[in-house]
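One structure follows; several queries about it will come next.
Lettered A, B, C, D, E and F in written order, each chain numbered from 1.
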Amino acid sequence: MLIAVTSLTLIATCLGLILGIAARRFHVEPPELVSELEAMLPGSQCGQCGFPGCNGAAEALADGLAPVTLCPPGGPALALALADKLGVQVELGAMGEREPTIAAVREDICIGCTKCFKECPTDAIHGAMKQMHSVMKEACTGCGKCAEICPTEAVTLVPVAATLGNWRWREPAFA
Amino acid sequence: MIGNHSLERLRPTIPFQAAMLALTVMLASAALGLADRATRQPIADAVAADTRTSLAQVLPTDSYDNDPTDDVIDARDGDVPVAVHVARKGGVPTAVVIATRARGYGGEIGLVVGISRGERVLGVRITRHAETPGLGDKIEIAKSDWVTSFAGRHLADPEPAKWAVRKDGGAFDQFAGATITPRAVVAAVKRSLELYRREHATWFALRKPS
Amino acid sequence: MSEVLILLLSTALVNNVVLVKFLGLCPFLGVSRKLDAAIGMGLATTFVLTLASAASWMLEQWLLEPFGLGYLRIVSFILVIAAAVQFVELAMRKFSPELHQVLGIYLPLITTNCAVLGVALLNVQQGSDFLHALLYGLGSAAGFTLVMAMFAGVRERLELAAVPASFSGAPIALITAGLLSLAFMGFSGLRLD
Amino acid sequence: MGFRDLIADFKLQWGVHPDGHKSLTSERPIESMPLPERLVLPLAQHIGAPARPVVAPGERVLRGQRLAEPVGMVSSAVHAPTSGRIADIGDYPVPHPSGLAAAALVLLPDGLDEPVAFEPCEDPHSLEADEIARRVAAGGVVGLGGATFPAAVKLGLGKRNPVHTLLLNGGECEPYLSCDDRTMRERPQAVVDGARLMARALGAQAVVIGIERNKPAAIAAVQLAASGHPEVSVRALPVRYPMGSEKQLVAYLTGVEVPAGGLSAEVGVVVHNVGTAAEVSRVLRTGEPLTHRALTVSGAAISRPANLRVAIGTSVADIIAHCGGVRRDVARYVMGGPMMGMLLPGTDVPVVKGSSGVLSLTSEEAGGGSASACIRCARCAGVCPIGLQPFEMAARIRAGRAEAAVDLGLKDCIGCGSCAYTCPAKIPLSHYFSYAKGSLAAAERSRLKNESIKKLTAARSERLAREAREKAEAAARRKAEREAAKRRAAEAAAGEAAEERREVPQVSA
Amino acid sequence: MSDYRKILRDGLWDNNMIAGQLLAMCPAMAVTASATNGLGMGLATTAVLVASNTLVSSVRHLVPSAVRIPIFIVLIASLVTLVDLSLNAWLHELYKVLGLFIALIVVNCGILGRAESFASKSKLAHSAVDGLAMGIGFTLMMVAIGAVREVLGSGTLFAQASLLLGPAFAFLELKLFDGGALLMVLPPGGFLVLGGLLAAKRALEAGRQRRGVVVAQSA
Amino acid sequence: MTTPVHAPHAHDGGSVGRVMRLVMLALLPVTLWGFYLFGWPAIWLWLITVGSAMLFELVCLRVSGRGGPTILRDGSAALAGWLLALTLPPWSPWWIAVIGSFVAICIAKHAYGGLGQNPFNPAMVARVALLISFPLEMTQWVAPAPLFSGTGPDAIEALERLLFSSPIPDALTSATLLGHVKTEASRGVDLLASVPSFGAAAADGIGRHAGSIGETGSWLILAGGLFLISRRVIGWHVPVAVLAGLCVPAMLAHGLDPAHHLSARHHLFAGAAMLGAFFIATDLVTSPATVTGRLLYGLAIGFLSWVIRSFAGFPEGFAFAVLLMNACVPIIDRFTRPRIYGHGATDGRAA
């Protein structure tokens, strides 16, 4: 009995010491995953992911609470990059191959209130007070904030026009 | 008790960690030591009771007045170690129970063979086995009464060549789809009878060291 | 030499720890989605298993057996195993973060990988000598790694298969494990001597 | 067929043997098709940037006049096939699987066929290499083998890499097509001449003309034409698809593989189509640009299969009408060959420089039927000329993992369609690969866009911060102003205030 | 209160040790050749689980993280040894049925998993209830697997239940038919049956979800 | 806008159904021979197995919503059932056939998503599952009782015995060679005595001995296999490798110790080696996709069969060997990927 208690206690003490020292010796800082993830996100803070901006999205991603396909502006490319970073599999199907859209301003209705101009996270809308506003195709992410805020519903989201340049084969239908 | 605050400070230190582990192990081993002490006797009793029950199954109740569990001789059957329990009535050996082993399909089969002074099988029971459920486990009395087919047999009944399963031209049934297990049991019973014939004189000559 | 080989083969194939002895199933199912991870896990387990076999043999021979402390067997074995695993984990995190990321939460679970304690206990039960204990650990670990790799290979392929929704993931993995174990039954009764 | 060829043939593992259907047209000489009433000339008939129009709607143009000029390094000019009036410059249906319209010039011929003044060359073999390339470029010549790479750009490759051999591709391994065959039989001198000129431009010492063994007459004709030129040799090729693919041709004829993602020039070889060679010879000798091409009109549904020389811009409908229309139900109109050609959404599209055939296929010819699951027979892998495993790639693409398919060599796929042709499960394998390549390109575009968006967002936050700062400053300024005004109001008269207010900014700044 | 409801739901269904987390697979495969064995193992495991969760939760503030796993596992191992010794001494018949499997409880990774992921972070009462819920969920799955394997494999149900639970439970023992597919009581059968059960669980949930959607739409 | 159709606009006309029908055609001779040898029970058993396989296929397709009977025409289910039937003891009861079909089609095939998705050979999964589940029924062999010879039951009698699972009269039972020598060996009788006591029929390849319906007519199997190779349905690699993997070690061991190791000839003709090599190991879905891979796979199957036959508890190990190697196929495929044109060696190596 005594032997049992002492010998095991002795072993445990040694192991405890070794582990304690090892824990200290081999200590590594946890990687700044959240900030790295945030840096990968578009940073347009558009909220389409359902989180309060990219930071929230990054935290949710780091905690595994959100799928890597969460960010529509980022598109499949971002999803793949995130999946790679987090070491998970992506179901790109989940991105739903959403038709990409961009904002378009209807000249006849736009009153030039500049609300959309102020709202746009990427400065894709140009225009001045009381003047027709217009959308820069290259900068618009199709987030729809402008359409939401426009008092006259002059801004609508329209599918990006198909051209020979951006046309591509669709996935073959399969049984 | 240590205050929460000082605990926070202590926790990351190495000696504290080692001490905690040691403490846990100390308490655990102490608790187990006590438990071992408390259970040692009951366990021994339970095991003995077990043996007694299985011996009782292969010995007629009126054939002994000693405790064959304790009246045991360690012997060898070839390279198989066996335990020979001697049943006595009024100090006179009336029967033995040979606890032996056979090599079955799934591993070792433990069995007890009760043998009367007249070299007849009093009974056979399986004490442990790892045969396939549904196939080889029909040697258990709980599953089938196959083992009872040994009762009353002796080395001349059936004739020695027929001490085998039917498939091998013998007198004992095998189970459908499992020949290895019964073959092993039949062989072990036969070996026990032969061992008894060879050795019983020696065994009975040994006085039980009461 | 050939005896060593036979022992290794029979522990790895005939009495495969995972498929026949039913030990170490959780990592078998958990870390088998990717072939690389599975092989990594197999190697980590091999290391721990061999270490544990040796350590527990020493504990048994030099402490538990001589002093009749059989009731402390489980506690002492597991203590040593747990400490070894944790040490490996800490070291791995420092020296091979990639491997650490892949093996992730499963490293601590090697502690409770039944295979490790199971093999240590079986060694004691069989009364093996030191070399046999070591070989037994090694063979078991090789068997573990082998089936992990085969299973992971099949599972990688399943990721591409049109598995029906109610079967995809864990159910089909289990069925696959079942069929793998069915295949391994072919080795039952294998005698090389 | 020499011993070496025998060995080489035996070692060839890949490829398929589709029914050639060549006899439909191979004995029909190339006939000139009369000018249609309207020509539609797309600005992008080549790989690279679309050409820029240099004429205006309403303008009268002459045959051979340059209508659009090349833009940038890789581009090609467009010339008028005849004289007439430019009716419009706008979006018109072009041969493209999407059926989308793209920028094109519409030329209404006036029937006079009045040419511009050409600049013929008596002895092009005396021209400098650069001058040959310049004239080929000026002639708007692009590869006629299908890839429509501007021929002059390829002739410049000799500058960067030493090119030792020019290979002429007379494979014409696509079923039905026989226009290259006819060209070689009818204009062997032009083929050999063009090849020698291009070899000169490239600085190549040797010309090897590879012709599939199923065109014995072409082999004989070209051999005869080449007999006076020791640097030109003719080699017979085994009959299998896609023998005419550049990489396969290079490997077969030179024993060297073109490195992945690289150009054949990196191993000292440049490949041109035989038709391209014939056109180069004509362009250099007559000075007339590329405005017509030979093509095969075939398929079981066409009334009169033929080889035609047509003005580029002629509509498919006109060509079919010229060949007597169709005599059976047409399942698919295909431009090019059946293995790689594109399905035409309609017949109202023009023929372009790269069009080698117009096929009217019945449903029996087109094959098809619904796809079933892959049975992993690996036939597709067996026939792939690149050594890919199409079923593995397709499985990954279906699972949404195009990246994984890239690891298996998706980017090396030449899109030859052999795999889909032979797949018993009728899986549209090459469609999967086009789809995946498209997705990857789109992903790349979206990645680029993301990057620029990020910059824009950063710029915006900077702007917002700046504006906030300015606002705050302005507010502070106004506050100071107000206070100053108050102070002054208390002190002085109202009339002086206007002047002093202008000074305030200077004070606060 | 809803805390406890969630803990219970987790243990019994959503996050069931076997069906949800795929932990504790070894006993789930090795001991379930019959429903009775499954039940016995389940009960013994539940006992250890409740005790270990309680113990771990109560010492959680004292335990430094570097040695946390060794400490937890030593606690669990001691508990298991205690159970083992006591059963052997005082419930010997039961011990003979479960004997071999009890030592296995130590390395049942579900128990350490619970200690790590729940008990070491939660207060005492929650941990105890969690242990109970997890244990019951585990037991139910064990019985389910055992029952299916036993019925298909040997045509009986709860054979030898009276040995485990006492003669009063002899009524549970059913004999449905002779023979059966031996495969089911052998190693592969365990995997196949659990795979089938999980697929059934999936189908059930999917069906419920679909019905839920339909109801929501018609409402 | 119509969806564009991608090239190629031509097809060689093959189809999955055609592949399956060719395999069935190749199986026909040996099947008919099996019918002749083992009589009406074998015919009924074949019908029930194939029928129930197709029925289960239909049910699974319906349940998974993947289209109805038209897809049955691909013939894969019928073929799987057919092959399973050929590997069963000829006089097995009906439920063996039905359970076998269920395991093959519903578990081994459709749980994985149906045709082409299954990693394990369905017929072999079913055979092994049956063997292990019902060792008694699966080792009840009969001596050939040819049709019209009057030894076997007539059509009605045969159906009755199938449906009521009547035990086979002792006079008709017979062991297979492999089973016989294994039993004898377990009693300590070596091959020098046990092989001659079995009779010569086992090694002539004609098949007038006990065995499963389709495994005994070795020459007919060979003919069917060669037909498939000539039609390019299967390559030569797997069959040749399987037979080599089995025969080479068998010859070596037999040469060294004829008392304990069967000759290569017996290994070839006595069990499932022929049927397995040409029709089972060659299953496209479950075998590797590269030439190197197929050679490796075949060699390993042959070798494992020999190991299991010679050393393990079962007399025959072909099905186990196939399943074991099925599990290795993904790894084999991964490590035997062909070199891609233009990658790696670029100098002097033609495609």
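Criterion: a contact is a pair of C-beta atoms (placed from the backbone, for glycine too) under 8 Å apart; a residue touches a chain by one contact, two chains touch by 3 or more.
Keep in mind that this is a model prediction, so the values were computed, not measured.
Trainee: By that same contact rule, can you tell me which chains touch chain C and chain D alike?
Mentor: A, F
Trainee: Most remote chain relative to chain E, going by C-alpha centroids?
Mentor: Ranked by distance of C-alpha centres from chain E, the top chain is D.
Trainee: Can you check which chain pair, D-F or B-E, has more C-beta pairs in contact?
Mentor: Pair with the higher count of C-beta contacts: D-F.
Trainee: Going by the average position of its CA atoms, which chain sits the greatest distance from chain B?
Mentor: D
Trainee: Quick check: how many Å separate the C-alpha centres of chain C and chain E?
Mentor: Once rounded, the distance between the two centres reads 22 Å.
Trainee: As a quick test, compute the distance in whole Å between the mean CA positions of chain C and chain F.
Mentor: 33
Trainee: Would you kindly tell me how far, in whole Å, the mean C-alpha position of chain E lies from that of chain A?
Mentor: Their C-alpha centroids are separated by 40 Å.
Trainee: Measure off the straight-line distance from the CA centroid of chain A to the CA centroid of chain B, and report it in whole Å.
Mentor: Their C-alpha centroids are separated by 68 Å.
Trainee: Could you list the positions in chain A whose residues touch two or more of the other chains?
Mentor: Where chain A meets two or more other chains at a single residue, that happens at 4, 8, 11-12, 15-16, 19-20, 22-23, 89, 169-170, 172, 175.
Trainee: Two or more other chains touching the same residue: where does that happen in chain E?
Mentor: Within chain E, the residues that touch at least two other chains are 64, 66-67, 70, 74, 77-78, 81, 85, 180, 182-183, 186, 188, 192, 195, 199.
Trainee: Give the residues of chain F that touch two or more other chains, as numbers and ranges in rising order.
Mentor: Expected reply: 4, 6, 107, 111, 113-114, 117, 129, 132, 135, 313.
Trainee: Chain pairs that touch, all of them, please.
Mentor: Chains touch in the following pairs: A-B, A-C, A-D, A-E, A-F, B-C, B-E, B-F, C-D, C-E, C-F, D-F, E-F.
Trainee: So in the complex, which bits of chain A are touching chain D?
Mentor: These residues of chain A touch chain D: 42-45, 73-78, 80-81, 89-93, 120-124, 138-139, 141, 162-164, 166-172, 174-175.
Trainee: Going by the contact rule at the top, pick out the chain B residues touching chain F in the complex.
Mentor: Residues 105, 135, 167-168, 176-180, 183 of chain B touch chain F in their complex.
Trainee: If we count contacts the way the header does, which residues on chain E are in touch with chain B in the complex?
Mentor: Touching chain B from chain E are residues 33, 61-64, 66-67, 70-71, 74-75, 77-78, 81-82, 85-86, 88-90, 92, 95-96, 153-154, 160, 179-180, 182, 185-186.
Trainee: For chain C, which residues count as touching chain D in their complex?
Mentor: Touch list, chain C to chain D: 159-160, 162.
Trainee: Considering the complex alone, what residue numbers of chain B touch chain E?
Mentor: 4, 7, 11-12, 16-18, 20-21, 24-25, 28, 31-32, 35-36, 38-39, 42-43, 46, 49-50, 132-135, 142
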